[in-house]
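These are the structures in question, set out in turn.
Consider the two complexes below, in which subunit A is the common component and subunit B and subunit C are the respective partners.
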Partner chain A sequence: MAAGGGGCPAGGNDFQWCFSQVKGAIDEDVAEADIISTVEFNYSGDLLATGDKGGRVVIFQREQENKSRPHSRGEYNVYSTFQSHEPEFDYLKSLEIEEKINKIRWLPQQNAAHFLLSTNDKTIKLWKISERDKRAEGYNLKDEDGRLRDPFRITALRVPILKPMDLMVEASPRRIFANAHTYHINSISVNSDHETYLSADDLRINLWHLEITDRSFNIVDIKPANMEELTEVITAAEFHPHQCNVFVYSSSKGTIRLCDMRSSALCDRHSKFFEEPEDPSSRSFFSEIISSISDVKFSHSGRYMMTRDYLSVKVWDLNMESRPVETHQVHEYLRSKLCSLYENDCIFDKFECCWNGSDSAIMTGSYNNFFRMFDRDTRRDVTLEASRESSKPRASLKPRKVCTGGKRRKDEISVDSLDFNKKILHTAWHPVDNVIAVAATNNLYIFQDKIN
Partner chain B sequence: MAGASELGTGPGAAGGDGDDSLYPIAVLIDELRNEDVQLRLNSIKKLSTIALALGVERTRSELLPFLTDTIYDEDEVLLALAEQLGNFTGLVGGPDFAHCLLPPLENLATVEETVVRDKAVESLRQISQEHTPVALEAYFVPLVKRLASGDWFTSRTSACGLFSVCYPRASNAVKAEIRQQFRSLCSDDTPMVRRAAASKLGEFAKVLELDSVKSEIVPLFTSLASDEQDSVRLLAVEACVSIAQLLSQDDLETLVMPTLRQAAEDKSWRVRYMVADRFSELQKAMGPKITLNDLIPAFQNLLKDCEAEVRAAAAHKVKELGENLPIEDRETIIMNQILPYIKELVSDTNQHVKSALASVIMGLSTILGKENTIEHLLPLFLAQLKDECPDVRLNIISNLDCVNEVIGIRQLSQSLLPAIVELAEDAKWRVRLAIIEYMPLLAGQLGVEFFDEKLNSLCMAWLVDHVYAIREAATNNLMKLVQKFGTEWAQNTIVPKVLVMANDPNYLHRMTTLFCINALSEACGQEITTKQMLPIVLKMAGDQVANVRFNVAKSLQKIGPILDTNALQGEVKPVLQKLGQDEDMDVKYFAQEAISVLALA
Partner chain C sequence: MSQKQEEENPAEETGEEKQDTQEKEGILPERAEEAKLKAKYPSLGQKPGGSDFLMKRLQKGDYKSLHWSVLLCADEMQKYFDSGDYNMAKAKMKNKQLPSAGPDKNLVTGDHIPTPQDLPQRKSSLVTSKLAGQSFALVAQAGVQWHDLCLLQPLPPGFKRFSCLSLLSSWDYRHATPRPANFVIFL
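This part shows the complex of A and B:
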């Protein structure tokens, strides 16, 4: 690591990440409903959406530059909050449907309003978030204060007049895409053609038109005729950022399939199959579990994709199926702990990963409220922590180090004292600037590069 | 706010100082802002009434500015508003003021909801015609330009639909600008806009001068047809039809065909599907020479495409393709160039492909004539009649009449029978239902003898099917058969069998007898009804099941008008009176209804 210590990857330039904001309650005991379950910037980065286990969506808006308050640069403040999903009960299957928001995806902006898709396990909703700053005034049949006028004394007609009012942000559900998934939806992804999107559950991927709610096309179906022959499930799926016909999906076996929708209507046969040969020497009881891919993301350029498995994050060149071009260890020190992580179910945690705006750095989460960044050019990496302790305004983040050997140096933390209840599963990187949003249980941390 | 609507029924016309003709208008205006969408919608739909009461000046200066900013509303309200404004010219003071309607419609043309946007564009197109040439250039063209260069793609997509209406009436300088703007939308960054431009390309080409079509539209067409997004490319296929209609044969060959050839072999199945789906239109637009040289080979490829959706779309077009060929060459072309591919499709692996083919293949027999049909098509029909997929068999059977005209159905009857019997006994009741519906058609084609011998028993068996929908369809089927074969046939073959069921131990079957009588009485006439059916119905009035008894009452009501007065008074009336005293409420109700309808009280 360079002299800067906390110097961190982003576009090759070293700089310090510093604390900007933290959202959410400080209380020690966290309400289940407040746990953040997804974080997503919109295409411009001006809006940041989070979803939680209580089915709510909170949207933050970035403040404009303000000369009188220079420190408020880039601060995100609440713009709109709404209840996206409610708990439901499927009476036919006697099954509870949680309201938890699994994924949020923004649509490319089409007019002054903003649109996003949010999904729980079963139902996808299209929301419109719009502003209103005018109000109509003047009635014929009542006075300004609401008193009714004598209907017999109407001598002239009044047409309402629009007057300015305080800005009001409204969220309204525009479409509800339901009843298409037998299993739990794990991914949604908007196509670059701006009119379709896909939704993936454990065994199937469906293709929707954004304007049609009563019909979707099944494009992938891996359900075996006999469920006892089931050996793998779909864990994530995403459309290519530019080629409207290409999408990928990852599986619990650690493989990724790339499909071309041009070749046939049903994409059961993949065009490319990305798989890294297993190293027989490291094979163990947990090999299959930890190789399961929890997230797949195309780079902005569309040349690469990144996959996250339990211990590592891999970058694949779309032109090379045999092995990843980069493998970054996220928390290799947990390899010896897999047994206890299996017992407390942590081994099944689904960590997500994200690219920075220029595809030169990647970020993903770990335990103990740690998150990791990897610079692809310099091959340097850093561990940072999202914590209240370091949350003084504009305080630089200190790199953290986990001690793996016998001797623990100052400032290091031992593997055994990591808190596995504090996990960072969801992170997001601003599409242009060095601003990141990190969800730590019920808190959303926003960090940005230090302004000197 | 809700107050306004409640007052709607309030004051009468009596007295008061105010002008009471204003009151209903005042309510309408207030309800433009009611919380209830239905009331707002109602007000918007009566916008012309409001405008009329306000007069042209206030409509322009007050109502339209208010409506211009009413874009926050529900889609259905906005849709109604967009529609209303299209017919508003008279209410704002005539053509001289038509441009006052542009601001609200401009806003509506940028909303995200496609139906609303499309309606706003439709209204704008309508209003454009009412502009004077001067006003068109002063107001309308600038609006189109604003939309075309808007920040959001919703406004740019709307602009695409407006070029063709202002172009013909614009001056040459403006025309050049319009063409320029259309060009830039064709290479817009967002695929949404390129799609909108591609779908309006044909319409725009039609209003352009031929030179501009060649020099500008064709290059745009070529570039859209090779767009990186297949959703854009497939729309270019559609534009191809309109553009082709404007060009000479020679130009078609050099300007359009290279692109069309490329589309027919596109990497994306959706584009190839589009070529297959629009094949008949393309064939007509391109003319016989290109069809022969280029389109037929392309069609052959589509028929053996690797994607089933494409093959199915192409299979659907087989008959139309034949019909659109020049009469003198038809037979040879189909026989030599298409039939070999059709033979393959008969045993396709995909049932949609087979069933698409089965729905049109019979139509080829008229084109190919008797001998070819017997020699080449008949084996295919027979194979399809044995297909494992019921849809294929049904589609063949439903088109039997085409073939009957050419070779007579006798050729087929030996194979037809097993196919029909199998479908008639299919485990899926929808399949059984479908075949029943073709029974009258089959009966007509096969003749009464064949029918009695082979099919009559099937028709009777359906009457005791365990699915009600089948029994119901079977009943209607009997009526149609009687209409076809006459009353004598009915009396000899089906009436006795139906009446026997009146003694069936299953009450559902006993009811079927009644339903059949309802259906058959009219077709059979007074004599049969009175002599054979009526006694059975009357006897069933003593049935132990109430459902049967009240259906007796209903049947009597139905057949009553056919009977003569003696029978009505002497036989029907006492029975109905007795049923009118029945212990069961429903029986009583229907008996009394029958008594009053038949005027027997």
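This part shows the complex of A and C:
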């Protein structure tokens, strides 16, 4: 791990990450339903959506910058909250369908309303979030409080007039895309054509049209005729940000396949196959488990993609399938702890990763509420912590360091002291500014930069 | 890396010591971990998605963070008659001692007709997320049960209301015309 040195990556200027806000309760006992399961900025970065295990979505909106306090950037405050999914029970398979929101993806804004897709294991919903700041007054058939007026008492007609009212934000489900997945949905991705989107489960990927809920096209099916021959599953999928015919999907074996929908209707045969060659002599029981890709994200430019496996983050050039162009170690010190991580199931944790707006930096989470940032230009990386202790307004985050053995310095933490229950799986980076949202179990931390 | 100078607890010390000597022999840390795992679970198969793995997870009764090979083999899991049956078995499972070997083939489902008292409380879907702020008041209307978190107060200037009006109309099909409810948030 590179020495901290105080300088933090992401951006040409030398700036520091500072605490901005934290959302959520401080209780020690975390209710299962409050655990945040997804975080996503919208295209402009003004809205930040979070989904939790209880099936609820909370949307925050960035306040307009205050002229009297130019140094404090816009804060995120609650804009809307609603129950997106409810727990269900599949009677045919005797399985509970969790209401946990697996992914939220925003649609590009086309009118005054905002649209997002939220999904649990089986059902995807399109939500419309709209503002109402006017109210009609002076109805003929009903009173102001809604009671119907006696029609025989009405002697004159009037035209209702629109009057301003306190802003109200409404969320309504516009489409429900259900019954298309036998296995658990792990990804959704909106296409650049803004009309279609894909949803991926363990073995299949379906293509939907946003207007049509009773039909979807299956574009990838890797289910073998005989389930005994199954060797890998789909772990994540995403559409290319600009080419509406291209998408990628990652597998549990650490490979990525790029498919072009123009080549055939069913994209079982990939157009490109990305795999890093493995040294067969270093293979172990854990090799396949830790090589499983938990997240794949295209860069904003569309030239690169990033994959996250258990111990590292890899950046791939779409033009080169043979190996990644960059590999960043997230927490290599865990390699000697794989046995205990297997026993406590942590080895199966699915970490996500994200790019910054200019694709110059990448971020991913780790344990002990640590998260890591890698600057691709300066090749520097830093480990930061999301904790209540460093949650003073505009307080700079101090780089953290994990020591692997030997003498432990004063503010270092040893590998054995790491809290594996405090894991940062979900992070998001504002599409333009240096603002990041980090989900630490049931709390949402927002950090911003402070330009010196 | 001298082991004697470390200040770690003895249990880890032996582990690290062993790893250290193995490293000196040229074995990678991953292999050392694999050896540790095989020592603890000798019946563990070569492939991570083997049937031994499956059995271990089924015994735990925890279907959440499983290897994908287990999740896809739904046929080998217990079948339940309905959700009440499932919840009864789940409640019983939590109190049971974890069996050490093999799935319990004698586990009977449906031996007891579930009553509302036996079942765990269905979690209320109308509890607001704590991310949305500590104080959040909802006015009870149209016979729907809400959680009152604080008293209703006049809305300070600059705050937004948000409602789940249309949400109500789509969720709560028991009522024909939902009455407008005012939702107030305090930050």
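In this text, the second predicted complex is superposed on the first by the 424 of 452 C-alpha atoms of A that agree within 3 Å, B and C clash if a C-alpha of one lies under 4 Å from a C-alpha of the other, contacts with A are read in each partner's own complex, and residues count from 1 in each chain.
Criterion: a contact is a pair of C-beta atoms (placed from the backbone, for glycine too) under 8 Å apart; a residue touches a chain by one contact, two chains touch by 3 or more.
Since we're looking at a predicted model, the values are computed, not measured.
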Simultaneous placement of subunit C and subunit B on subunit A, clash or fit
fit
Looking at the overlay, what does A:Asp416 touch: subunit B (first), subunit C (second), both, or neither?
second
Who touches more of subunit A, subunit B or subunit C?
C
With both complexes overlaid on chain A, does A:Asn319 touch subunit B (first), subunit C (second), both or neither?
neither
Just to be sure I read the superposition right, which of the two partners does A:Asp166 touch: subunit B = first, subunit C = second, or both, or neither?
second
Give one of first, second, both or neither to describe whether A:Asn226 is in contact with subunit B, with subunit C, with both, or with none.
neither
State whether A:Cys244 touches subunit B only (first), subunit C only (second), both chains, or neither.
first
For A:Ala112 in the superposed arrangement: first (subunit B), second (subunit C), both or neither?
first
Put subunit A at the vertex: what angle do the Cα centres of subunit B and subunit C make there, to the nearest 10 degrees?
100
First (subunit B), second (subunit C), both or neither: which does A:Gln64 touch?
neither
How far apart, in whole Å, are the nearest Cα atoms of subunit B and subunit C in the superposition?
5
Contact residues common to both interfaces of subunit A (with subunit B and with subunit C)
170
Complex contacts: residues of subunit C adjacent to subunit A
1, 5-9, 12, 16, 19, 28-34, 36-38, 40, 44, 46, 48, 65-69, 71-74, 77-83, 86, 123, 125-134, 155, 159-167, 170-171, 179-180, 185, 187
Considering the complex alone, what residue numbers of subunit B touch subunit A?
3-4, 7, 10-11, 15-20, 22-23, 25-27, 29-30, 32-33, 53-54, 58, 62-63, 65-66, 69, 72, 110-112, 114, 152-155, 190-192, 195, 228-231, 266-270, 306-309
Interfacial residue positions of subunit A with respect to subunit C in the complex
23-25, 33-34, 36, 50, 52, 54-56, 58, 77-83, 86-87, 89, 91, 93-96, 99, 146, 166-173, 183-184, 202-203, 227, 230, 233, 252, 282, 284-289, 335-339, 342-343, 345, 348-349, 405-408, 414, 416, 442, 444
Touching residues (chain side subunit A, partner subunit B) in the complex:
108-113, 115, 128, 130, 132, 134, 136, 139-142, 148, 150-162, 170, 174, 192-195, 211, 242-245, 261-265
